[in-house]
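One structure, as structure tokens, below. Some questions next.
Letters are used for the chains, namely A, B, C, D, E and F, taken in the order the chains are written, and counting of residues starts over at 1 for each.
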Amino acid sequence: MEALVASAIGILTAVGIYLTLRLRTFPVILGLTFLSYAVNLFLFASGRLAVNSAPILGRSETYSDPLPQALVLTAIVISFGMTAVMMMMAIGGHLQAGHDRIDLDARDETAGRGEGPEAGA
Amino acid sequence: MTPAFIVALPFLGAILPALAIRFGRNACALATGAVSLLALILLIQAAPAVLRGEVVQARIDWLPALGLNATFFLDGLGLLFAGLILGIGLLIILYARFYLAKSDPMGQFFTYLLLFQGAMLGIVLSDNILLLLVFWELTSLSSFLLIGYWKHLPEGRQGARMALAVTGGGGLAMIAGMLILGNIAGSYDLTVILTQKEAIQASDWYLPALILILLGAFTKSAQFPFHFWLPHAMAAPTPVSAYLHSATMVKAGIFLMARMWPVLAGTPEWFWIVSTAGLVTMVMAAKIAFFKDDLKALLAFSTVSHLGLITMLLGFGTKAAATVAVFHIINHATFKAALFMTAGIVDHEAHTRDLRRLGGLRTLMPVTFGIALLASLSMAGIPPLNGFLSKELMLEEAAHTVWLTPWAMGLLATIGAGFSVAYSFRFLAHGFLGPVRDDYPHRPHDPGPGLWAAPALLAALVVAIGLAPMLTAAWLVDVAAGAVTGAPVAVKISHWHGLYAPALWMSLAAVGGGLALLGAYPRLRALWDGVPRPEAKPMFDAVVAGLARLARGGAEGLHDGGFGRAVVLAVLAIAAAGLWAFLGGTHAAGTRVGLPTDAVVVAVWAVMLVAALAVPILHRNRVVALILTGVTGLLIAPLFMLFSAPDLALTQLSVEVVTILLMLLALHFLPKETPVESPAWRRLRDAGVAVIAGLGVGGLAWAMLTREAAFAPISAFHLAQSKPGAGGTNAVNTIIVDFRGYDTFGEIIVLGIAALVIFALAEALLRSPAVTSRLAAWPRARESGDRHPMMLVVATRLLLPMAMMVGVYIYLRGHNLPGGGFVAGLVFAIAYLMQYMASGYDWTHARQRFDHHVLIGWGVLVSILAGVGAWAFGLPFLTSGFEYVNLWPLEEFELATAAIFDLGVFLCVLGAVLLALASLSRLALRTGEQINRRAYDTEETP
Amino acid sequence: MSHWIIAPIVLPALVAAIMVTAFRGQLAAQRLLSLAAILGLNGIAWALLAAATQGPEAYFLGDWPAPFGIVLVLDRLSALMVVLLAGLALPVVLYAIGSGWDAKGAHFHPLLQFLLMGIGGAFLTGDAFNLFVFFEVLLIASYGLMIHGGGGARTRAGVQYIAFNLIGSSLFLLALALIYAVTGTLNMADLAVKLPTLPEGDAALLRTAAVLLILVFAIKGALVPLQFWLPGTYANAPGVVAAMFAVMTKIGAYATLRAGTLIFPADLPATGPLLSTLLQPAALVTLALGAAGVLGARTLPRLVAFGAIASMGTAFLAISAFTPQATTAALYYILHSTLATALMFLVADLVTRRRAHAGLDAPAPVAGSGPLAALFLVGAVAMVGMPPLSGFLGKLLVLDALRGQAGLVWSVVLVSSFVMILGFSRAGSLVFWKGGPSPSPAPHEPLALAAAFALLAGLVGLTVFAGPVTDWLAATAETLYAPQGYIAANRLEGGA
Amino acid sequence: MRRLFPHPYLTLTLIVLWFLLVNQWKIGSLVMAVILGTVIPLITSTWWPDRPRIQRPFALAAYAVLVLWDVIVANFQVARIVLFMPRDRIRSAWITVPLELTQPEAISLLAGTITMTPGTLTADMSACGRALLVHALHAPDPDAVRDDIKARYEARLQRIFA
Amino acid sequence: MILPHALTFFLAAIAVSLVLNLWRLATAPTLTDRIVTLDTMAVNAIALVVAYGIWAGTGLYLEVAVLFALTGFVGTVAYCKYLLRGSIIE
Amino acid sequence: MTPLLDTALDLFLSAILIGGGIFALVGSYGLLRLPRPMQRLHAPTKATTIGVGAALLVSALDLLGQGQISWQELLITLFLLLTAPVSALFLAKTLILRGEADPGMPDSGTGQPWATLAEERADP
């Protein structure tokens, strides 16, 4: 079972990174979502795997490690907030620039570039 | 403390001109002059002690940890230089008062000048080489400001930058040199270092230190090959040229060599480097000066040449030569400052400094001519003026110095002197002699005494020292040279050394040669103009421009806003570093017994991964990509459940749904397709990087999962204390709201902030006219005719209260069973979202009785209050209490303060999600939607 | 036990929540609250500094013993960083009010307060996972502040900023998971106690965790090759926000220092000199790259941003030596560079707003440039490390502390300084040395100028009192390399 | 009373629901159920402005049993069609069901019933809300299906909702 | 007792159903078909969770099923609403 | 509980489960087999619901057999009954709008078009 989880983490990571390398904000956001899936599973796995042992006292003989679960909860919530903000920013960028490319270019500088006569010296 | 006061005065006084300028230009100059005068008086008061051979010291601890202290001392050398700085400074202030135009901001000028003066005094009075560095760079800076004083002139801008680059850069090299020196000597105090000659010269680090320090000195004193900046600094107003670039700042390098002479001089390295640089500089600059048409350029190169002369003398390493060097420093300061001021007067009156447009000024400006005559004859080394005295001594020293061959040094020195004569006479001949012209840009005549008083005084000194050197200068030379050589000096200066002195013949040759050169000027000039020469300025400019281009290409090119490259580099770097770290340590194979494979898990695993792997292939259709992502995310929930984490399953599910809703809302405002933009090689590269990352993370997961922890996990405590300590049987929940409630506190604040950010951004977007017009013209596909189908509305009327019920249930039982405030908040939020979807934003929102912001605010406040409440019992933040309550007719139940905290979580989550989605909906409202007045679209029949 | 330790976290959170709840849309009230809170924070920070000078102190959240609950640990280092934070926040909020930046969008003051809360929490926590949480708090607040006021370029730069940091957060979680998986604990003092007895077979995983963790901090600290986020972010953020961000990179430096001295000291068998080996070359390249960027920059904000990168290179160079002397230098340099960077961002903002153009060679002169030019000059002097200001002293301290590697290190530092002098002098002369009338009248904003001068005063203070400051910092550095006091304050139970 | 209990049936449903959730029959649960059953409808009534007019609440229960039975029976029919009927012999059909019902709750219930009973599903409603568009998976005689729906379900609902 | 075997059969049937769904998800000709599949998957997942709860002999997982029921519905409606109107909340 | 009753319950529950499993399979198979989109819509909304229903019933009865009473299954059933028709309606509307539904849609007979295909109407 460990191999299943490890491979799932690896594949989710790879999918996440690949999408993060696309040139538009939406796939990047999806990629980061995949990355957070992978990382949450990884964090969860730091408590090792167990079946039939939810850490609810009195409901089973053994208990899985509750701490990583609590940490993953926090991580899930945080990455949700982050995704939401990034999504909104992506919308903002698209509404303002008219496209949703993730790369910035010189026109995106707050002010012009200028290659005046003294640009070098 | 006198030396410290002398240094401090100009700095403290630098504010005065800026204040005094309100009361007029005279007041401004007077205030400046008063500062310098006061410092000069202090110096004169201390002078008798120095002349007696004492050293006046002052010490203030500044940065003892580094050995950098505000330590000052005043010895003979310091006295000489401080005297020059303050004395000539006073004259310059007088001169500048009349030189500057009404439109020039005089307050600023004198402020800079005083800053410069203070820095210069700091250099010559520092008893700590790090402190000396501080002042050293300050002179670079203040001269930068003074050169660029006339802001409208591009030459000033460029000259200032070049000066700063060269002298500031040299100063940086000197930092390294000084640090090495201090490390060898074990102290940065000069008084200590000067006693360590043997140790320093025996050190392996002597040569690096020497070279680095000389780099500083040579750049500052414009020695070859760093001479090129000085002529361009002449864009500064003439008082600046006279003060900085002839009398004082350029002498800082000379001063430093003199200061370090006792410990650095006397080695072959010193001799070869210093004397060669000086010699080359002297000859080459003299030759260039001869061909310059601009009065100030001519004087500038002549300054370079004379500085070379002094450097050469110091390089000889003999006490006699050093003494001559000290003497020439005095002489050069007097005649060169006078000459610069004269050039300034000519410029001021004739509106040109070009020798080709001048001539005949002798009759138009007799006073100015008189001053120029005396000063330039001194510069040419014509007896009996002071320039003659030191040049004669110099030639004598050169004649006795072996450099490559016994005669080479003498010959070259004579050639240099010859050019010196030539350009001095050219200055006079082409500027002042000859017929009066009628095409001056401005008809010149002698200025008022305000302008000529200062150079006249200097000219008087030229004569006085020339006529009676033993009376006027010898005592100063003695004490200063004594300080340089470390031995008592009693100099004998005379005009006549006898017929057998080589200097006599060399002098004669130089004068004769110089006159011959002047006579041959037209032909030589043609030759000079015809031969291409490497020009320093274009070369420097090219180097700097190339550097800047390189820098721009490198830094800006690398940071051109490309995101993919950044991520690829980051991922590869992280992977490489991680692998490198892993391989550097031992990894014992895991011995943990694995779980048997379960078919259900395999099924979930397979479905999840196929959905995930389909995304990179199908991601161009964004809805499809979103659906597949949602499937992956939703299937993680059962995976969590199967691995005994019901709380995680609940959270993952509810978060995933809200995320999908959010992304769908967002997709409305984004393109629906992702175009094919990356070429195949790039997709392949990205896939490669992704696989590397996946292998890395997956491998780590495998390594981790197959091993036990090295130590017992702290969570054993949480399990054990969950019920007795925190009053709940759900250990995950007790960790969240109690053991690590502080994490949760941070987490809900993250969520709250996220909503505030989203709201603020939506506000900003809605205020942008470009955005609102783009929204108003939002392309809409063919759409269904009903926005709010009746069936959904009716179903929601039941589902909303039911979901709320479930939410309350999940909240209440969370402490003991899976659930809690967070999931409850999300369930509530989903229920509300359903209501929003069913009847629309406006209709629903108009009937809502609470504000989202207030909900978030109260969420945070409640959780803070739950935490702070513990203070009342003297317990730390977030300490919880719980009590089992018996309240008839109810059965016993538990009241826990953690529930209050969890309520804060609930409120914050609900508020945050609703605020985020409401913000998005407000954007949607601008896309030309109509606001509905009824819950659903279908016409109601009566 | 003093509840004051948690005040730097609770106070801003409380004030922010009150603003959101009761004073939404009431800018005047928000300004007053925000200013009052920051003044209070300054008072608290100095009191904490005084307390920390007596010795480390822990605060056990929820009254749970370490390592099971979360602890805050006040020691000289964390107190120092909180003082720096509070000290920077004051001029920043004054500038925001004085320049009207805070009125250009919603929620400036609550977000600023939340940012302070996050940064303060990150400095004070003694728990590795809690550090992550507070990193996220400060990051998300920084996202909001970064795009404050909106605008296409800013928002799009914000997308990259957040995306890059999300990768960083993922990395942080990976590192924490590994650490927990290997050691079963998250408390930093507990890790310090347990790791020396780690079985050899776990070394590889621990080393990987250590490196991943340090790389997370390197992202925050903008260390090459993880610096890509910085120029676009800082240059596009509102000037006042960029000024506040000057302290954000220092969080990376702080965390590296903490981890490298407490958790992974050089004498730990598993990791050894791992961190030094990793950090030093990166720091050198960072410094060089920052300097090159300063010379090549096209706009004033980008110039300052690259200057910030260079300063992080210098700071990390000193940190990477992991000796008390070098750490003293690093701390001094961090204090200095925070103020200097902030000052330069404010100056860049003042300039940009006076001629509506950030391009260096824009033809328009700057309205009312006198005091601005002076500010720019002094700030630039501080930033490139020219005398007499703290930048020079800091650089000297760093050079002196690294004399063991003089050849390479000194060359890079000094050549970088040279390149930066070229860059700053070029920029300053291009921007300020212009004739002609300004296209727009100079706005009258005494409070904003005063805020900039306050930062300048801070730099001067740091220069004048360099002696006592470095003495205090040296004592701080000593405690970092002898963390027994820190560990003892945690009163660990059931640990090793 | 009407102000306190805007939707009494909802209140009752919620009380039952609470017991389903907590899985225990205790006084405390009842207290909680009553509190929630009162408060939640008060909160949500703003989005449910008018109270449905139900005349025979008990007939509703009988109706539920009828539908449940139909669901089970029809499931087998659908399974047969899906599994065994050759694809080209499946006679799908559109059916228009004109409505006598007027209350939105009643119409929705009918539409839901149609969908939940296998073989038919409600696909749309006319813009005026007076006819349902039903899709039948296999209906050789669409009119019979329509009549069946009207007689078996709509008539009953008409009696329940006055 | 054949219940365990029946349960195994049931779980296997659900697992196979999920795989069939997956096949559909990948090969669906239209977007709407994918949403239909998604809806089906949610229902199958509920069945899986409930059955797993029976197998594990615990009622701890029922809330997961409750939430699945709620979320599957919201997801389906949202996707459809998106296709129908572009904006899911208007 | 008597052994006979026990066995009877066991057999009964097993039968339900096997039936439910088959129905679930049929639903998912139907998605693949049925040729037209509107037809495919029938499969999940019917057969799968029965599959879930079976599991829920067994879960409830099984826990009952163990002495626990679980009513939450009823809740889930209620939820599904409430939501499945709405999901189906929306899916059908989507097919209709996108032109993927069966051809030959009849008139509504009310003089008004079907809501999906109607013109958007402004509120009074």
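Following the convention adopted for this analysis, contacts are C-beta pairs under 8 Å (C-beta built on N, C-alpha and C of every residue); 3 or more make two chains touch, one makes a residue touch a chain.
Remember, it's a predicted structure, so these values are computed and weren't measured experimentally.
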{"item": "Any chain that touches chain C and chain B", "value": "A"}
{"item": "Remotest chain, chain A as reference, centres from CA atoms", "value": "D"}
{"item": "Farthest chain relative to chain B (centres taken as mean CA coordinates)", "value": "D"}
{"item": "Chain B and chain E: spacing of chain centres that average the CA atoms, whole Å", "value": "60"}
{"item": "Averaged-CA centre spacing for the pair chain B and chain A, given as whole angstrom", "value": "35"}
{"item": "Chain A and chain C: spacing of chain centres that average the CA atoms, whole Å", "value": "24"}
{"item": "Chain centre separation (chain B, chain D; CA means) in Å", "value": "73"}
{"item": "Residue numbers of chain E (touch at least two other chains)", "value": "12, 14, 16, 18, 21, 31, 35, 59-60, 63, 66, 70, 77, 81, 83-84"}
{"item": "Where chain B touches two or more other chains, by residue", "value": "157, 161, 544, 548-549, 561, 563, 567, 571, 602, 642, 646, 667, 697, 700, 704, 713-715, 718, 740, 743, 747, 750, 753-754, 757, 761, 764-765, 768, 783-787, 789, 791-792, 795, 798-799, 802, 806, 817-818, 920, 937-938"}
{"item": "Contacts with 2+ other chains: residues of chain C", "value": "129, 133, 136, 140, 143-144, 147, 150-151, 155, 157, 160, 163, 167, 174, 177-178, 180-181, 186, 232, 298, 302, 426, 430"}
{"item": "Contact pairs between chains, per stated definition", "value": "A-B, A-C, A-E, B-C, B-D, B-E, B-F, D-F, E-F"}
{"item": "Of all residues in chain A, those that touch chain C in their complex", "value": "20, 25, 28-29, 32, 35-36, 38-40, 42-43, 45-48, 67-68, 71, 74-75, 78-79, 81-82, 85-86, 89-90, 92-93, 96-97, 102, 104, 107-119, 121"}
{"item": "Residues on chain F engaged by chain D in the complex (per definition of touch)", "value": "22-23, 26-27, 29-30, 33-36, 38-39, 41-43, 45-47, 49-50, 69-72, 74-75, 78, 81-82, 84-86, 88-89, 92-93, 95-96, 101-102, 104-116, 118, 121"}
{"item": "Touching residues (chain side chain E, partner chain B) in the complex", "value": "11-12, 14-16, 18-19, 21-22, 25-26, 31, 34-35, 38, 41-42, 45, 48-49, 52, 60-61, 63-64, 66-68, 70-71, 74-75, 77-79, 81-90"}
{"item": "Complex contacts: residues of chain D adjacent to chain B", "value": "10, 13-14, 17-18, 21-22, 26-28, 31, 36, 40-41, 43-44, 46-49, 102, 104-105, 107-108, 111-112, 122, 125, 127-130"}
{"item": "Interfacial residue positions of chain B with respect to chain C in the complex", "value": "61-66, 68, 108, 130, 133-138, 140-141, 144-145, 148, 151-152, 156-157, 160-161, 164-165, 168-169, 172-173, 175-176, 179-180, 183, 544, 547-556, 558-559, 561, 563, 565-567, 569-571, 573-574, 577-578, 580-588, 697, 700, 703-704, 707, 709-715, 717-718, 721, 725, 738-743, 746-747, 749-750, 752-754, 756-757, 759-761, 763-765, 767-768, 853-854, 856-858, 860-861, 864, 867-868, 870-871, 875-880"}
